[in-house]
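Next come the structures, one after another.
Two complexes are shown next, each including chain A; its partner changes from chain B in the first to chain C in the second.
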Partner chain A sequence: MKKLLNVALGVLTAIGGFVDIGDLVTNAQVGARFGLSLAWVTILGVVGIIVFSEMSGRIAAVSGRATFDLVRERLGPAMGMANLLGSMGVTLLTYVAEIGGVALAFQLICGVDYLLLFPAVGILVWLILWRAKFSVIENLFGLLGLALIVFVVALFHLGPDWSQLGHSAVSFHPPKPEAWSTWAYYGVALFGAAMTPYEVFFFSSGGVEEKWGVKDIGVMRTNVLLGFPLGGVLSVAIAACSYVVFHPLGASIDTLGQVGMPVAIALGKIGLAIALLGFVAATFGAACETGLSTGYSIAQYFGWQWGKGVRTDVAARFHVVLLLSTVVALGILATTIDPVQVTEASVVFSALALPLTYFPILVVANDHDYMGEHVNGRMMNALAMIFMVVLTVVALAAIPLMIWTRMGA
Partner chain B sequence: MSACAPGTPDEDSWRVDALRSIGDVSSAVSSVQLALQHHDRLFGPYLQTVAVQAEDSAGTASTKLSAVQPPEPYQGRSDTVTSALDDADSLLTDARIAVVRRDDSAYAGLIQRLTKTSDRLSRLENRIRALPDDRSRP
Partner chain C sequence: MPETADRFHDRYDAVLHLLDRQVISSDGLLVCKVDDLELVETGDGVLVATALLAGTPALLPRLSGRLGAVVRDFWVRMGDEQADRRLPYRIDFALVAELTSAVTLTRPRHGVLARVPGEGGGPTRHRLGELLSMAVEAPEGQRRILDLRLDERHRVRSLVIGHGRPGAMLGYDEREGRTPNQGPALVRTIVRALHRHAREVPFDLVRIDWQEQRVRLAG
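Our next item is the complex of A and B:
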């Protein structure tokens, strides 16, 4: 019974924790402009994150060590550093976006400008990273993030033309008058949002924090195989709601306030309150995960003591990294840069860093010395290789598309 | 001194900038229109935030375009666009003032004006999009 509850909790937190500010904003933007014509990218991204999360979770369960720890050891300091710099840059940018996202969500609740709120949010996030238990960070926000299911309910209440939605989902081209290049750019952004590197770092480091062993591989796989696809359903529901409400108006989405409006229109204030709870939980949870991921990656690369289970004075350098990354994130937000624009940039740069992040995981997952009998099978390697090709194409296309389309204008 | 002069883009570039600004302002107008239509389903601070952010977003878009000196053949068209964007900005300011004051009685009139402005921007966007090929190729 206890094991079943653990599985259920893991699946629920995987669903609730799947969506972050990048998913919220990008899915809503894509839905409003392109309908569900890019839903296949979300599905592809979900399969990709399942493949690489399973691999990194298995590595953590078998070796008892997290990603960066093994990447440096297996591929050497130079490759490890390249991996660290690429992934860390994106994770830090995502951290900025998530803290800004929490502040934007609070602005929708209290009406106070986010510029007055983000310092308090940053300090609160840091306090939680410093003081709260890992299980609280993982479970509380993950469970509260389930509130975003309200988008699925709202979609049914909006009473869309389902055949039109279905037609949009299978039309693999941009609706008029959108250009192919813009459509492709948003496809890259959506893929980057679904496969954000920090998700894998947090997942594998979390496995080490929770002391996964070989016997936990089954539970881990269940969480990944059930939780992530259902989290993907939330992403598609957000896009579909935006499509139904904003596409007929020809309006694009630039703010978090617009993202929640379809829910309010469909379900009134109660629905909106639930959506706001979901916004806060999703962004706050992701802020904690990205903050921790910066600490995890740097500490693991340099071989420092790290983790929430280790006493603060023993893992002092890990906690200093958490503090410094929070200060840097707050410093960037203090420039009054729009958090939504930071989010837009972070998902595209995520796409750029994907091969650098995931290739080392694939190498380690194929190493018999680390993995023993749990090394990747043929099927898994075939799938991973297909994804490596996709990741490389996406990474190569990201910046040219960004410049060509002027960030999707 | 030349660094202080506004940029003079080519015709295509101005057209792309204009379409982007009209699109941004039009989105802001539509969002506020939608929010006012459903104001009884939104919390006060939420409605206020939507109105304030729409006004900011439209203002930024208009300012960006007005900082670009249009190429000679587009001077007249540029004046039309600038005028339409300025009108939309003013309307969004009116909407924000009414929302902050919780002046529900003004909403019906504002919705009508926002609808008209949205239609006007839409027509303008279509006209610029449909310019002859020699001036409209991206």
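Our next item is the complex of A and C:
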């Protein structure tokens, strides 16, 4: 019974953990402009994050090594450092976006400008990273993040033309006035939002912290295989709501408030309140995860003691990194940069940084020296290689598309 | 917990199996990374690995290229008054319990890292990183060292030479003691094709000139 509860909890937190500020904003934007014609990218991204997480989770369970430990071990110190700087840049950018997202969500609730709120949010996130127990972070925010199911309910309440939605979902081209390049650019953004690198850093490091062993592989797989697809369902629901409400008006989405609008239209104040709770939980949880990921990655590269399972003074340098990245993130937000724009950039750079960490994980997942009999099987390798190619193509296309479409303008 | 067998008391590859691995103390805490290895020349032309080296003075020299040189120079200047600025932490091989997916020590974390001066009477100590950065003059042209094979007493038995950086074969090379068909097939094919000219040279044929920073192959 307790095991079943643990599995259920793991699945629920995976759902909540999948959806963050990047998914909220990007899905709503894509929905409003392109309908469900990019829903296949979300599905592709969900399969991709399942493959990536399953491999790094299995490595963590069998060998006790987390992602960046292996990145340096396989790529050497120089390339590992380049990799660290790239991945750190993206994770820090995401951290900025998540803290800003929490502040924006609070602004929607209480009406106080987010610029007055973000320092408090940042300090609160840091206090949680410093003081709170690991499982509290995961379970509390994961469960509250489930409030986003309200988007699925809202979609049914809006009573959309289902055949039109279905048609949009199977049309693999941009709707009329939109250009192919912009469509492809948002495809890259959506892919990056679904497969953000920090999700894997956090997942594998969390596995090491919770001392997963070979016997936990089954539970880990269940979490991944159920949790991420259900998170994908929430993403598609957000896009669909946004399509139904905004597409006929030809409106584009630039604020977090607009993301929640369809729920307000369909379900009124109560619905909106639930959606806002979901926003706060999803972004707050993700802020904690991205913050921790900066510490995990740097500490794992240098071999320092890391983790929330030991006293803070035992992992002193890890906690210094957490403090510094929070200070830097707050500094960036203090420039009054729009957190939604930071989010837009962070998802694209996520897509760019993915192959850097994916490749070493793929190699180690095949290494008998680490994995013994738990190396990738044939099917897994076939799937993993397809994604190696997909990730490379997406990463190569990201910057040219960004320049060409002027960030999807 | 790792279920793979201990490699430390068996033959292993210095770069693939030991370099850059996590070091864990006997009380299960993380200590450092294996930033470099100490190599000692014994009289009869044998090169033996004797200690793990760790810390910034061990890591920075391994960052190659112009940027690496700038960072190294900066690091030294920032602590100009410190006599041990270039001296890394040293963990003697006697303190190593086992080598699996990580290096486990026989001592608890408290005070395990010490900067031990190398010079002064004893045998000349070299660093693996230094050796790996040297150009190899082989009969077929200039090559790099990709890996070193050590025996169970940590004596260097052979070098793997070829193009590219150390460890670039990622464990996909076909040699004894390796999984013959490590997947994915596509990665294996590409890595092997890139390193098709890589070969193993017995250490008897290797002449290392530490002054000139060059490796020659006899015969």
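We take it that the second predicted complex is superposed on the first by the 409 of 409 C-alpha atoms of A that agree within 3 Å, B and C clash if a C-alpha of one lies under 4 Å from a C-alpha of the other, contacts with A are read in each partner's own complex, and residues count from 1 in each chain.
By our rule, contacts are C-beta pairs under 8 Å (C-beta built on N, C-alpha and C of every residue); 3 or more make two chains touch, one makes a residue touch a chain.
What you see is a predicted model; the values in this text were computed from it and never measured.
A.B. asks: Touching A:Pro77, do we find chain B (first), chain C (second), both, or neither?
C.D. replies: Only chain C; A:Pro77 stays clear of chain B.
A.B. asks: Look at A:Asp313 in the shared chain and tell me whether it touches chain B only, chain C only, both, or neither; answer first, second, both or neither.
C.D. replies: neither
A.B. asks: For A:Ala384, decide between first (touching chain B), second (touching chain C), both and neither.
C.D. replies: Touch partner of A:Ala384: chain C, not chain B.
A.B. asks: Does chain C touch more residues of chain A than chain B does, or is it the other way round?
C.D. replies: Here the partner covering more residues of chain A is C.
A.B. asks: Looking at A:Leu272 after the superposition, I want to know if it touches chain B, chain C, both of them or none. Which is it: first, second, both, neither?
C.D. replies: First partner only.
A.B. asks: Once the structures are superposed on A, label A:Met261 by its partner contacts, choosing first (chain B), second (chain C), both or neither.
C.D. replies: Only chain B is touched by A:Met261; chain C is not.
A.B. asks: What part of chain C is in contact with chain A in the complex they form?
C.D. replies: Going by the criterion above, the answer is residues 1-4, 7, 17, 20-23, 29-33, 35, 54, 59, 62-65, 68, 100-102, 109, 165-167, 170-171, 179, 182-187.
A.B. asks: Touching chain A in the complex: which residues of chain B?
C.D. replies: Contact set of chain B toward chain A: 16, 20, 23-24, 26-28, 30-31, 33-35, 38, 41-46, 48-50, 53-54, 57, 118, 122, 129, 138.
A.B. asks: Which residues, counting only chain A, touch chain B once they are in their complex?
C.D. replies: Contacts found on chain A: 107-111, 177, 179, 245-246, 249-255, 257-258, 260-261, 264-265, 268-269, 272-273, 276, 406, 409.
A.B. asks: Along chain A, where are the residues that touch chain C in the complex?
C.D. replies: Checking each residue of chain A against chain C gives 62-65, 69, 72-74, 76-81, 213-214, 299, 301-306, 310, 314, 362-363, 366-372, 375-376, 378, 381-382, 384-385, 388.
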